[in-house]
Amino acid sequence: MKRTGKTLKLLAGVSLLLGVLGAPATAQDKPKELKIGITTFLSGPAAVFGEPGKAAAEMIAADINKKGGIGGVPVALSFVDEGAGGEALVSNYRRLVQDEKVDATFASISSGSCNQLVPLAEDLKMLNFMWDCGAASILEAKKYRYSFRSQANATPEMLAVLIYLLKTKPNFKTIAVVNQDYAWGRESWEIFSTALKQMKPDVQVVAELFPKFGAPDYSTEVSRLMALRPDVVFTTSWGGDLDTLVRQAGQRGLLQQSTFVLAIGESSVQRLGKDLPEGLIIGARGDHWFMHPEKKSDAAFKAFNEAFKAKTGRWPIYPVYHMAQAFAALQGAYDKAIKANGGKWPTREQVVDAAPNLEFVGFGRPVKLRAEDNQGLEAQLVGVSKKADGFDHMVLDNMMIFDAAKITAPAGQKSVEWLKTLKPDFAKMDVPVFQHGK
Amino acid sequence: MAGRSPALAWTLAAVVVAAGVIPILIPSMATLVVLILAKGIVVLGIIILLQAGQVSFGHAMFFAAGAYTAGFWGKYLGVGDLVAYLVVGTVVATILGLLVGLFVVRYREIFFGMLNLAFSMVLWSLLEKMFHLTNGADGMRVPRPTVFGMVFSPENFQYVLLYLTLAIAIAATFAVQRFLESPTGNMLRAIKSNETRLEYLGVSARRILLIGYVVSAALGGIGGVLVAVAQQIATPEFAYWTKSGEFVFIAILGGVGNAMGAFAGSAVFELVRFYASAQLANSWQLILGVVLIAIILFAPDGLIGLWKRQRAARDES
Amino acid sequence: MCGGRHGSPVPDLTSKLRVLMNSTLFVLASLDGLSYAALVFLVSVGLSLIFGVLRVVNVAHGSLYAFGAYLAATLSLLVTPISPWLTYPALLVASLVIGIVAGGLIERLLLSRVYGREEVLQLLITFAVFMIMDNLQRMIWGVQPIYAAEPLKLLPNVSIFGVSYTSYQVIVLPVVAVLALFGLRYFLRRTLMGSVILAVTEDREAATAIGINAQRVYLITFIIGATLAALGGALASPTTSLVPGMGTEMIVLSFAVAATAGLGQIEGTAITALAIGMARAFVIYLQPEFEVLVPYLIMVAVLLVRPEGLFGATKLRKI
């Protein structure tokens, strides 16, 4: 194997040479446009989030440009489909960064995509806002410089839903879970059940069902739950899967028999229409609701919602607001960096330096990017489904808005470890309650 | 089997140069070229089986075996070396190929295809369902390995990976071409044309097919390791039947008469998918489907055959 | 990814098994398996029939299932305002339209050109159709889930051991599947066209030699097979959200059923679909982790012992 050494030297030589050739140039002149690369699902089941997200991005970008752009520079968007598979995603992300020379990226919806692209963004020294992916572990496992999460993660999202359940149905004894069988379904249940065990140790978990992602038929799961009669059924399913589960359970009376908790059900409320009964607990992955009780008198919020409905035929759902937050974060970071740079156009590194501790407002309460781990601190809204005049679908009632700081794992602590330190008292926290239309 | 004509050697050289140089000019192409070459290596294995007239709609299981070797290594042993991934990945795929092969070589045609499909779907369900071991549908991360013990920066690593893949692809092409021209290769083709005569000659067709099967499994494993490292992830999709279908697709697209067809097919397949998913509102499946039908109906020897025919026509005039 | 082990205790299978045997759960699981098996049977038997006659494994079969479902949902939503009962004929119309138009086009334009060519080319041409149809489906119906449950809502629920079932799932679906089974049997054994199809299945050369128009037999068989796939999809549409990729799952599942039964075996397919449907339901009660694995495990086990399938006739070796 003498030749391997030689090949090796040759390879190393070639690559070194290439490394030198490829050194990035720094440009501080104000560019003609600020390019943003966005990864989102345009195909596959998660397009239920991706398409509204894309529509929102286009609306927000047009709005920013109408107002003169970011720091006087108009923004331009390129989209990449997360649904075309990992190979195409990675290749296209590189193309965005290396060929199209985007200035920032928003990646991604799926935690799987984030797992792939966040290290790649770090390699490519690319400013990235994780605009919608929820796995807490990504930022807990490693400190990144270039990626920031402009929204919460699964820990506060699940914790808010759990506290809501404990506050509104304090006496339940049994619970079952039906989650999609992939990281989100598993991880969200782990967070929820770990916290539940701490805060209400006497509850018995009677069934843990993880049907395949995209399963077309839940008849057997429904029968089993009807026979087991749990007080509460918890699910973090979404999209077509959640619609199917809710309808199949509703058709057979299971929704009436047990209290259902749809932890990210806000995104299905409009699609389910009248098939969604009253009394289900519904979470929203953030303080997202097109009738946000604290934002109702906000003209910009109302105008945006109306415009979105006019454009797409539906009211905005949480990915739309998450997209708005990513834009707000980007704009905030640029504004701060320009100011710190004496009004001159900042370098990429200067913008990245400006992002930690940044506070920005999308269409909910302000969000802060925690400096220690680049995690966004985002409030959580949970409510219960209720009929309302003037709507052909359910609305949220009895809404609670949870303060981000109280329910997010402290920086440096792994979510599951932190959850294990919680006490039953934790659920007794004060939370403001809002009624629909009041 | 077409011999090694000078024209083909020149083409080969041109392709190698193109694969080696284009990524230097367009850095973002580096990963794409690695994917093309790596999938081409897998397709070489499909071509071997097609010589015997057998089509496997489950070959992705070996591809996944290679990829998950890298994934498991990363999860349980920490960052490893690319060379070690390649060696172990190939060994794992080879052993799996031997085990599965012992069963499947007893069958021919549709039964051979079905059994392969069944085995690959079992592997797919296991990868998907053993969440605590394999991380389920999200797949396992494959951290960037060292190469011969050296740590490379991300930019340099993609070139190291590219040239290593290119070297493996060249070596594999020559090895497969030689294998097909060897007595074993001839006997493999005899399984397709007249298996009974083979047996009259005292040759065990099963053994010959098993040799071909194991070689093709090993090639699948190599390709799997390279793709997983290039993408930094291994997912259950790697073992799904559509992936197996893709490999057979690429083989037919390129042409099964020659090892070079694997890379021609792979290049067209990946480029169409890459550009169509970026430019044409996600209609890559439609375009590829139409291309495939056109090839089957009008150019049965694949792209390589098409090219040869054109040359022949030009030489005549 | 997620940190520690997830909290499900190691299940005590024997005790669970005892619970299943001793209680009404057995009946419940069987009922769940039944409606699932009915749908799987319709799709698989079409696949099996096509293979029996044309000797082509139709990879696009799952796409025909998906198209049947989408068209049925579209028609159902259209006719519901007129009268919800019109949704039933709508399901039937949708499957016939897809079966005759899409099935006919695939056979005439593509498959008919590759008969007699290598097996792999026939397989791949249907793979190409699968890719094209998958893409077309997204272009026509988009990616948002579609739901049209009217046919199911029209019928009352039935209560069995205190558990409520929709009569659509436990009565309509199995009845349609049984009707399809007996209809096919009657057609193949009692009608002239059926006998001709059987003759071609038994011995293609001999059948053509005595003057049977194989072309026509192929076309009709493919249309019947495609219609059955589309019917499976149409009947599934009231029970589930229609999403991209639904056909991709169905094709391998129906393939597993057809192969386990023995390709070309109609009654065998029915029994196998029932067995796999039941097995899947029982597994969800006992060990939900293995639900996805079940059909493929059964397929491997059966094929290793009997490659011609459970009900397939042993084929003479080709010289």
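Which chain is which? They are A, B and C, in the order written, and residues in each are numbered from 1.
What we mean here is this: a contact is a pair of C-beta atoms (placed from the backbone, for glycine too) under 8 Å apart; a residue touches a chain by one contact, two chains touch by 3 or more.
Given the structure is predicted, the values throughout are model-derived calculations rather than measurements.
S.K.: Based on which chains touch which, is the overall arrangement a line, ring, star, complete graph, or other?
M.R.: Looks like everything touches everything, fully connected.
S.K.: Count the touching C-beta pairs: is A-C or A-B ahead?
M.R.: Greater number of contacting C-beta pairs: A-C.
S.K.: Using CA atom averages as chain centres, what separation in Å is found between chain B and chain C?
M.R.: 31
S.K.: Find the geometric centre of each of chain A and chain B from their Cα atoms only, then give the gap between the two centres in Å, rounded to an integer.
M.R.: About 37 Å, centre to centre.
S.K.: What residues in chain A touch two or more of the other chains?
M.R.: In chain A, 42-43, 115, 183, 186, 210, 212 touch at least two other chains.
S.K.: Provide the list of chain C residues touching at least two other chains, using ranges where the numbers run on.
M.R.: Where chain C meets two or more other chains at a single residue, that happens at 1, 6, 138, 289, 292.
S.K.: Indicate the residues of chain B shared as contacts by at least two other chains.
M.R.: Within chain B, the residues that touch at least two other chains are 128-129, 131, 135, 138, 282, 284.
S.K.: Along chain C, where are the residues that touch chain B in the complex?
M.R.: Per the stated touch rule, the residues are 1, 5-6, 51, 57, 59, 110, 113-114, 117-121, 123-125, 127-132, 134-136, 138-139, 248, 252, 255-256, 259, 263, 289-290, 292-293, 296-297, 299-300, 303-304, 307-308, 319.
S.K.: In their shared complex, at which residues does chain C touch chain A?
M.R.: Against chain A, the touching part of chain C is residues 1-4, 6-8, 24-25, 28-29, 31-33, 35-36, 138, 143-145, 147, 149, 152-153, 157, 161-166, 169, 236, 239-246, 249, 280-281, 284-285, 288-289, 291-292.
S.K.: Name, in rising order, each residue of chain B that touches chain C in their complex.
M.R.: 50, 53, 55, 57, 103, 106-107, 109-111, 113-115, 117-119, 121-122, 125-126, 128-129, 131-132, 135, 138, 196, 241-242, 245, 248-249, 252, 282-286, 288-290, 292-293, 296-297, 300
S.K.: Could you please specify the touching residues of chain A with respect to chain B in the complex?
M.R.: Touching chain B: residues 4, 7-8, 11-12, 14-16, 18-19, 22, 42-43, 80-81, 83-88, 90-92, 94-95, 97-99, 111-112, 115-116, 119-120, 123-124, 181-183, 186, 210, 212-213 of chain A.
S.K.: So in the complex, the part of chain A that touches chain C is made up of which residues?
M.R.: 42-45, 47-48, 51, 115, 135, 137, 183, 186-187, 189-190, 193-194, 205, 208-212, 214, 216-217, 219-221, 223-224, 226-227, 239-241, 243-244, 247-248, 251-253, 271, 275, 414-417
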